[in-house]
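Some structures are shown below for you to check.
Each of the next two complexes has chain A plus one other chain: chain B in the first, chain C in the second.
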Partner chain A sequence: MFLHNFKYEILHSLRVKDLIFWLILFPIVLGAFFKIAFSGIYEKTEKFSTVPIAVVESTEDKIFHSVMDSIEQSDDPLFKVTYTDEEKAMDMLKKQKVLGIIRIDGKEKSLSVSGEGIEQTIIKSFLEQYAVQEQIITDTVMTDPQNVETVVSALNSEVSSTENIPLTEGDPDPYVSYFYNLIAMVALFGSVTGLHIAMENQANLHPLGARKNCSPTPKFVSLTASLLGSFVVQAVCVIVSVSYIAFVLKIDFGSRLPLVYVSGILGGILGVSMGFMVGSFGSMKEGAKSAICMSVSMLCCFFSGLMVGNMKALVAEKAPWFNEINPAALISDTFYCLEIYSGYDRYIEKNITMAIISVIFIIIGFLLTRRKKYASL
Partner chain B sequence: MQVFNAFMKVLRKRIGTAMIWVVIFLIISFTIANNADTGKLKFESTKMDICVFDEDNTEASKALTEFLGKKHNIVTVENDKDHILDALYYGRADYIMTIKEGYEQKLAAGDTEELFTSYHVHDSYEATLAENLTNEYVGTVNAYLIGGEEMSSALTKTEKALSQEVKVTTETFDKGKKSDGPDEKFFYFQYLPYVFISVMIVALCPVLLKLNQKEIKHRTNCSCITARSQSAQIILGSTVFVLAVWLIFMIAGAVMFGGIYTGRMWYAVLNSFIFIVISAGISILISAFSPAENVVNVIANIIGLGMSFLCGVFVEQNLLGDGVLNAARFLPAFWYIKANDMLAGTTGEVFSKSKLFEYMGIEALFAVAIFAAVIIVMKVNHDKAD
Partner chain C sequence: MEKTVVKIENLVKRYKELIALDHFSLEIKEGEIFGLLGPNGSGKTTTINCLLSLLSFDKGTVEIFGEKMTPVNYRIKKDIGVIMQNVAVFDEMTVYENIDYFCGLYITDKKVRKQYVDDAVKFVGLEDFLKFYPKKLSGGLLRRLNIACGIAHKPKLIILDEPTVAVDPQSRNKILEGIQELNKNGATIIYTSHYMEEIEQICTRIAIMDKGKKIAEGTTDQLKKMVKNTETETIEILDIPEAVMEEIRDLPHVYNASHDGNDLVISCSGGKHNLIRILQVLQKNELSFGRVYTTLPTLNDVFLEITGTELRDKED
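Let's look at the complex of A and B:
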């Protein structure tokens, strides 16, 4: 009887064609949108690029001029400098052709900006650095004039005080987390299929439930078969999504792709279990229960960073426990662990948490639906 | 007004479900608006979060840590690889460095190479900036030492020299704007396109789908009510619902800002109204194709999230590639965000009333086009049913 129920659950799921269609279409379309929207952002924001500035000289400062020239001529120049007059400089700043105007008036140097960001800070730091060097030279002239030349040459020599240690060999693109969360959302959408199982086993909520309740098959057997059937269907949805994102969109999941599938499928099981539990609660209409499932899934994904990327970091700061139980965060974290960490401890820990939550959901679902008798329907 | 009455009857039955969505999206709007990453946009607060592990623990290393603390925020991160990775990846720390043992000794001997180690996940402005700062610090101490200063006086003089500030003025080309930098109040409005599209589709579609059900549709079609009147009544019913939802969000916004909207905020209110009309149009159009009720949510996510990412709701428009922006011009949310960015002063585009009305006018045209499509599809459906 188990196999019979299992087979029919799969057939039944496949016959709800539009749901399957949309569940598969969802990551394909959104994944493509993400890919289009994010292509280029990483280059634009995270990688270092030259900052355009304007210089307005009320009085000529030859030393400053030559310093700027040498900066511009270096291999990876910090600034692209335009020497111009006040009016043109303001016009360029207004049109955002330059990000800052450096004004030189005697010894005084000032900076005008129109926006506020990291590029503007770079210009400001540069000016401060220039002022510092001027100060050092003046100080040395006061205390030990013979040493000025050695000090100047020391200032001109390049200091590289920092040794960089790369932490990971994985893909460092932070926008990858949006794709992780997309898979998490597909997995959690499995709650809709899980919801069906619970609804279709309750005689007061669904005609199929009435039929099932008067059959001699034990509820435990029919429910388990249905659950397993849904797990299989949901696993297929997740496999399609991950394959599409990994092979068509070419998002780098690191070198351990098979484990990405494993966690994705486990996430799908978690989603189905959640739907199963929600479906077993009370006698609300399907529409309302479906709204609860979907809205909870979406909130979970929201707090895991599907819409706003830094949301998970924010949660980690304000309520770190929530990241440990939020299904969407758990699913996307497993992918993150595989990409970033070389070890398996965290990966296994996250997967075990997912499994435990799934089991808890399923047990609650079973407890709520067991031993129900219907006097009349 | 039978169709309108039927609409209200169905709506009353489903108001609970619709409200679940309204509440969920209110939570999302509030969370985003209150925690928007505005730090990047403020000049004064481009303070980095730096973590320093001091392995040298000498006068010189302490002076450096203190100096970094004055210029930036010092954060603590546990000193193991996993915690460091997490902190960098999730942006809790912008830069993590270790002052190696023997720092003071090497510095006194005039050696400025590899005094620190720093960890990074990817190249970034923050890392470059922090590295420049430490190099500058070390270079300055070194220069003073070469100039004949003792270590302690070199450290003091370095701190003094490096504390000089350059005078910075922020030019505001926009005379009506009160403050420098973007106005944070508009962030609440920035995310509304996503919220409105989603909430309209998930809350309004099920009601319309019920009205589109075969039995109800056939009964209505065999009455003497014309297709046009049916569409008009459904649109009227939807309007009541749309107005109610819009008012909820506007009142919630006003409560969040602690009072009635002022000045240019009213333009944003008008902008959001045009957009909710568009969202309602999209919702009615979707329901005209009679999708199954349980897929409505998936469709809402595809359209809501998709349009939001392409048009710059979640990611600033000036960060998106030109190709994406060119394509996004054909979507209403693009114009909504353009108008809102101008109001907030996010992109530096100077406020001009005519430009603003141009953007909102284009949005309104989208609304007209969508409703024209709604009427055509409804007419076709009606004729087919005949």
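Let's look at the complex of A and C:
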């Protein structure tokens, strides 16, 4: 009887159109949307390439020269500098080989750019900052020469304060985090399956529940088989979604892709369990419970930052405990752990938390549906 | 001696202030088609749900096949087939899969189950619809699928709770014939309905319910004997003098006569040759008449006699 129920639960779930939409089609569509919508911004803002500029020196400025050299020699150079004459520089600017020309004439520095954009703004900002700092030092030399060292040191500390200080092995990528949250959402949509299982096994909530309760199959067997069947279906859906994101959309999950699958599947189990528990509460009609379930899922996703990027950080600041029990946050946290930390301690801890919460949800669901006779049907 | 299949004693079920079942008792013997007749809200479905241990009740006992019925008495449940009022099938599974699924909750042996499912499909005449999904079936075919899901495991006791609601006449007849066939094959049937014609057509014994109480029980003939009005004669006649009306009212066994429009309606209580005597009066007075027909009492008359209201009135 167990295998019979298990087999038919899988068959049934794979044919529920709503489920297939939310668990497979929706993430495919939303994933593609994310890719189209955010990849452009991502490339322009987060991963801009080195800005090519031309420098035309009427008079030699050794300090500026050395500053530009040090910028060019850094690991992630801001500028690629070509020293040339005015005519060639203008020609390069017209042909878009460079995006700006810095002219040095004595103490004067002027700028020509080819248009408007982030790169042009960067060149302009750099030149302005350089001019300000140069002026401060020059003024100090003129007015208060004994304090030059202090001023230079202060300017350096200003620069160092804007440096990235790596606290972890990697940096959380806001672009990839959208896809993590998407996987978390797919996992949580499994709550709809869990909800159906709870409903369809209770005589007072569904005609199928009444029919099943009349059969000689114990409710525990029927529920367990259905839950396991839905875990399998949920796992398949998560695998499809993660594979689509990783291999079709080519989102880089790093070298730990198999662990992304593991967490996704565990998240799916958490989602099903949550739906099972919600479905077991009270005697509301299916529509009302579905609405509650979807709302809870969406709310969890909202607080985990799916809709507003910095929401999760805000929750972490105001109510950190909520992130520890929010299923969506837990699922996406496991992915962050994979991305950020070199070790597996935090990752394992998050997965264990998910497993514990799933077990609690299932136990509550079983306790609520264990009733053998109903007061009303 | 016939075995008792179902025994309900003093069943009381309350929903807060409302008494849904009021000391209801019943005994059903093996091989019967037992009808539970009553208007909507009379307690038929509540009785069935208590019988199946789906509903808790305040007082009373329920025994099936001589054993106390409990939610975990799986041995009894194995021999019961239930067809509920609401169609309970999976929309995402085909006709065959649905029957196979529900049969599988009772029968574990795959070979036996396949045979049983095939028999059930044949029995309800859904051979041409095996790969259809329930949504593609008409109301009548859907009801037949619902029945097949409930009887595929060849139960000894079959409970049908208003299985013909919203079913076309052709499918209704097919369903009723099927129920009689199941009974011939050895199953005891409990059939609830508020359609008295159906109950009268197929049931060997009937209990009439109203307001959670059993108000009458017996065979159709036994119940009809409880009614004063044993036959109603209707004669088409344009006009009739009052003196003739009085003469008819004075005939033996006639207890009421009225002329309504073009119809002379005479209610008789017992006796034989009532119609002949009435027609003789009309001939003697040289009154011409048209169609003549006799109506025998229905279960509605029984209900009317006992409760003072009509079964049909209550349905509204």
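Assume the second predicted complex is superposed on the first by the 239 of 377 C-alpha atoms of A that agree within 3 Å, B and C clash if a C-alpha of one lies under 4 Å from a C-alpha of the other, contacts with A are read in each partner's own complex, and residues count from 1 in each chain.
The criterion applied here is as follows: a residue touches a chain if its C-beta (ideal position, glycine included) is under 8 Å from a C-beta of that chain, and two chains touch if they have at least 3 such contacts.
Worth saying up front: this structure is predicted, and the values here are computed from it rather than measured.
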Contacts of A:L11 with chain B and chain C, given as first, second, both or neither: second
Touching partner for A:P320 - first (chain B), second (chain C), both, neither: neither
Touched partner set for A:T150, first chain B, second chain C, both or neither: first
Larger contact residue set on chain A - chain B or chain C: B
Which of chain B and chain C A:P258 touches, first, second, both or neither: neither
Chain B versus chain C as contact partner of A:G106, first or second or both or neither: neither
Touching partner for A:P216 - first (chain B), second (chain C), both, neither: second
Those residues of chain A which chain B touches in one complex and chain C touches in the other: 16
Of all residues in chain A, those that touch chain C in their complex: 1, 4-5, 8, 11-12, 15-17, 203, 206-208, 210-218, 222, 372-377
Contact set on chain B toward chain A in their complex: 14, 16-17, 20-21, 24, 27-28, 31-32, 35-37, 40-44, 46, 81-82, 84-86, 88-92, 97, 112-126, 128-129, 131-136, 138-140, 142-144, 146-149, 157, 161-162, 164-173, 180-181, 194, 202, 206, 291-295, 297-299, 301-302, 305-306, 308-310, 314-315, 319-321, 323-324, 327, 348, 350
Contact footprint of chain A on chain C as seen in their complex: 15, 49, 52-56, 70-72, 74-75, 77-78, 80, 82, 84, 86-90, 92-93, 97, 101-102, 104-106, 108, 149-150
Chain A residues within the chain B interface of the complex: 16, 18-19, 21-23, 25-26, 29-30, 33-34, 36-41, 44-48, 90, 93-94, 96, 108-122, 124-125, 127-129, 131-132, 135-136, 139-140, 143-144, 147, 150-151, 154-155, 159-168, 172-174, 185, 189, 192, 287-288, 290-292, 294-295, 298-299, 302, 306-314, 316-317, 336, 340-341, 346
